[in-house]
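Have a look at these structures, which come just after this line.
Two complexes are shown next, each including subunit A; its partner changes from subunit B in the first to subunit C in the second.
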Partner chain A sequence: MTEEEQVVGLVPKCKLVCQGAEGRVFETRYFKRRAILKQRFDKMYRHPILNKKLTRQRLGMEVKGMMKARKLGIRTPTVLLVDTETNSIIMDRVEGITVKDWLRKGKYTEEELGRVLSAIGTQVAAMHDGSLVHGDLTTSNIIVREPSLELTFIDFGLSFNTVAQNGPEDKGVDLYVMERAFLNAHADKPGLFDKALEAYSQKTNQWKSTFNRYSEVRMRGRKRSMVG
Partner chain B sequence: MASTETITFESHPGWTLQARFFRDVTNAEEVGNLIVAGKLPVKTSVINAKLVPDVLPLYAAGDKTLRAHKSQKGLTTRTLGSELVFNLSGSKHIREALTKFGVKSKDCTSVILAWFEKEGEMEEEGGDVSGLVKGSAGAMADLASAADIAEVRSHYNITDEELSTSSLTDCVVFRIGAKDFLDKKSGK
Partner chain C sequence: MGKPTICMGFEGSANKIGVGIVTSDGDILANPRKTFITPPGTGFLPRETALHHQQVIVPLVQECLKEANLTPKDIDCLAYTKGPGMGAPLVSTAVVMRTLAQIWKVPIVPVNHCVGHIEMGRLVTGAVDPIVLYVSGGNTQVIAYSEKRYRIFGETIDIAVGNCLDRFARVLGLSNDPSPGYNIEQLAKEGSQYIEMPYNVKGMDVSFSGILSFAEDTAVKLLKKGTATKADLCYSFQETVFAMLVEITERAMAHCNTQDVLIVGGVGCNKRLQAMMKIMADERGGKLYATDERYCIDNGAMIAWPGLLAFGQGDTIPVEESTCTQRYRTDDPVINWRDD
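Let's turn to the complex of A and B:
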């Protein structure tokens, strides 16, 4: 065992690849496959029992969101095991790079860029039409595989199933989060989100209501940033 | 003699799951009755192979079983053998799971026999009851061809959309791995 390798949730040879505020992501192996182990930790400032409950709930949101997305034809990693003792999800490691890195690398043709953005819009629309809200649609949470440009959505920890009357608002917020993520991570490339939204509008059959709420959410966001 | 496949677990050093595959089995119901009557070793599972399309589901279910065995909460069912069968199923209803994945039915003709072993543990009784199964030996690699795809899909509720992006085995192992969090009817 090398220094950086550790045992997490009983799984040996885990190599840390990403340390976040709420969890850690490791690379490892699971039954002959390359795997990712995602461990969520209890936030220390919360009440311990509530804490445990909330962490478990987030774990549930993540795997349930993935299950729902798969049923709607969206690619997600395959969950291999969930360990509730250590709040870990072991899943397939997806080949490819994040859309964020892919955009930053910039080694694509206009046609390829168009294909990726339009696939993002279409697949988010498929999720939304199936009442699934992703909750964290950033370009780091979509993996693109080359050369097929096939997309895999990850990081469903904030996803949920929206109920009818909240649908437009929840989807509008989801789109707004996505818009902000594109603007923040790719400020040098304006117009990316608009291309994705264009494809979204063509695919969804709830465009009107979602778009109205999205526009409202956007206004609220702009007012807030003018005040703050 | 059937060849025995030894499954080792990265997360559980010292533990193995030994597995044998039989086809053209003629006495599945009889073997199933022995299990129900508690006459087989507690660490042994007799599994209806047509619902198991690959070794990976066995591995994931075995991993889950050993984790439960080591945890404070303990097993959901009574024995290691029944826990493995329960974990293979998409259902949280114990009896339903054991019935579906067990072999107590006349039309069950392909069977997986599996039993846990722990290194260095004195065995009062071995888990291998191959002698009781009347059938021909197969290799675990033949599981895919013995699986009943329609039945696997209906038990785990696997849609065409999901199969367009994922293999059948991956769809199954997802439901085994995430079982505790999915709805009773395998995520319906």
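Let's turn to the complex of A and C:
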């Protein structure tokens, strides 16, 4: 075992690849498959009752969200094992790099960029039309594989199934979060989100209600008093 | 070395009026402040707040000079809050600043209030390039510096955390003296029972409307039934709301690959919020930077200091242009004094 490899739960040979906000992500092997182990750990800053509730909820939603997304025709990693004792999920390791890194590397043609952005919009629309809200649509949570440019969505811990009357609000907020994530991570490349939204608008069956609410969510931010 | 430049800063965008004197070496020579306090159950209105500021600002300027042991001749420039904030109080403060600028014949520098909080926090704590959690009555933002701007990574999608705390305090009928948030913090220390409340995080954004409406109906019912005390409610409310804030801050830290965190704004002086944030920062091998109520809460020095930084870049404006604006986003101004 090399120095950086460690045992996580019952899984040997785990190599830390990312210390996220909620957990650690390791590269490992699972029955010879290249796998990713994502473990959520206790957050000591929050009340134990709240901590338990959130950890459990998110572990559950991460798995459910991935399965639901698949049913809607969106590529997600295959879940191999869920362990509620150690709050970890083992899933297939997706080949490729995050859309964030891909954009930063900048080694793409205009046409390829257009294809990726429109695929993002189309697939988010498919999720939304199936009542699935991702909850954290950042460019780090979408993996792109070269040269095919096929996309895989990951990190469904904040995802949820929206019910009828909350649909427009939840989807509007999801788009708003995505817009800001694009703006912040790629401040030097304006207009990326607009291209994705364009594709979204063509694909979705609920454009009017979602777009109205999305515009309203944006306005709320603009109009809010900023005293203090 | 030459004599340091000296700036007098004016802040009156909300219910505090502050005048501060800072030198270009970062020394805070004086920073007096007065707060407009309203009766329990009520908030502050623009007109009354402006009136309060008008009544106390001139003596406050005199007090500030006296405390700093300076005369008007020593002042090299005046900085004022251009926005964001409440119109009438902002303008009342700016009018006095403009008058003094003309009498004293010194240049004027406009300052964004949010940038004031951030730069003051960096000055007082020595934090270099932290993720900033800016939490106050009207703002809830997670901010990171990049390419000459303070960029907003996460924020509230509805009401601000301070506003949420104030309204919750109003529901419970807590005093506004010295601030509703302070009284919630004190009462929370006596709470023992954790009551689950709505928790709402969306990526790096938060929403507080759910927990506020829960507090307004369900929590009040629990209180009436006697199954929870006011202290329990304050405790549970704080634990939930602050956990949301720490979570989005941590997400931004992971996202930006930043280790340190700085808390600014009025809610930032809450000791429980600081303690929770410190646990998170420690776990990530980073550092928490926070300040006490002297600098967290609106004050004049937090305007004087960025005023000096901008003055150093030659950013002065003529009197006619020294206007105010109620909306002025944190990511609007160009931060030309930072090169990193």
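The rule we apply is simple: the second predicted complex is superposed on the first by the 219 of 228 C-alpha atoms of A that agree within 3 Å, B and C clash if a C-alpha of one lies under 4 Å from a C-alpha of the other, contacts with A are read in each partner's own complex, and residues count from 1 in each chain.
Definition applied: a contact is a pair of C-beta atoms (placed from the backbone, for glycine too) under 8 Å apart; a residue touches a chain by one contact, two chains touch by 3 or more.
Note that this is a predicted model, so its numbers are computed, not measured.
Trainee: With both complexes superposed on chain A, which partner does A:N184 reach: first (subunit B), second (subunit C), both or neither?
Mentor: The second partner, subunit C, only.
Trainee: If we overlay the two complexes on their shared chain A, which of subunit B and subunit C does A:A164 touch? Say first, second, both or neither.
Mentor: neither
Trainee: Tell me which partner A:K71 touches in the superposition: subunit B (first), subunit C (second), both or neither.
Mentor: A:K71: touches subunit B, not subunit C.
Trainee: Which partner reaches more residues of subunit A, subunit B or subunit C?
Mentor: C
Trainee: Go through the superposed model and pick first if A:H47 touches only subunit B, second if only subunit C, both, or neither.
Mentor: The second partner, subunit C, only.
Trainee: Please report the subunit A residues shared by its interface with subunit B and its interface with subunit C.
Mentor: After superposing on chain A, no subunit A residue contacts both subunit B and subunit C.
Trainee: In the complex of these two chains, what residues of subunit A are touching subunit C?
Mentor: 18-22, 43-47, 49-50, 53-54, 135-138, 140, 158, 173-174, 176-177, 180-181, 184-185, 187-188, 217, 220-222, 224-228
Trainee: Flag every residue of subunit B that touches subunit A in the complex, lowest number first.
Mentor: That would be residues 10-12, 56, 59-60, 63-64, 67, 71, 159, 161-162, 164-166, 170-171, 173-175, 177-178, 180-182, 187 of subunit B.
Trainee: Applying the document's contact rule, which stretches of subunit C touch subunit A when the two form their complex?
Mentor: 13-14, 83-86, 113-114, 136-139, 144, 146-147, 151-160, 162, 194, 196, 199, 201-205, 207, 239-240, 243, 246-247, 250-251, 253-255, 265-266, 275-277, 279-280, 283-284, 298, 326-329
Trainee: Mind pulling up the subunit A residues that touch subunit B in the complex?
Mentor: 9-13, 29-31, 59-60, 63-64, 66-68, 70-75, 78-85, 90, 92
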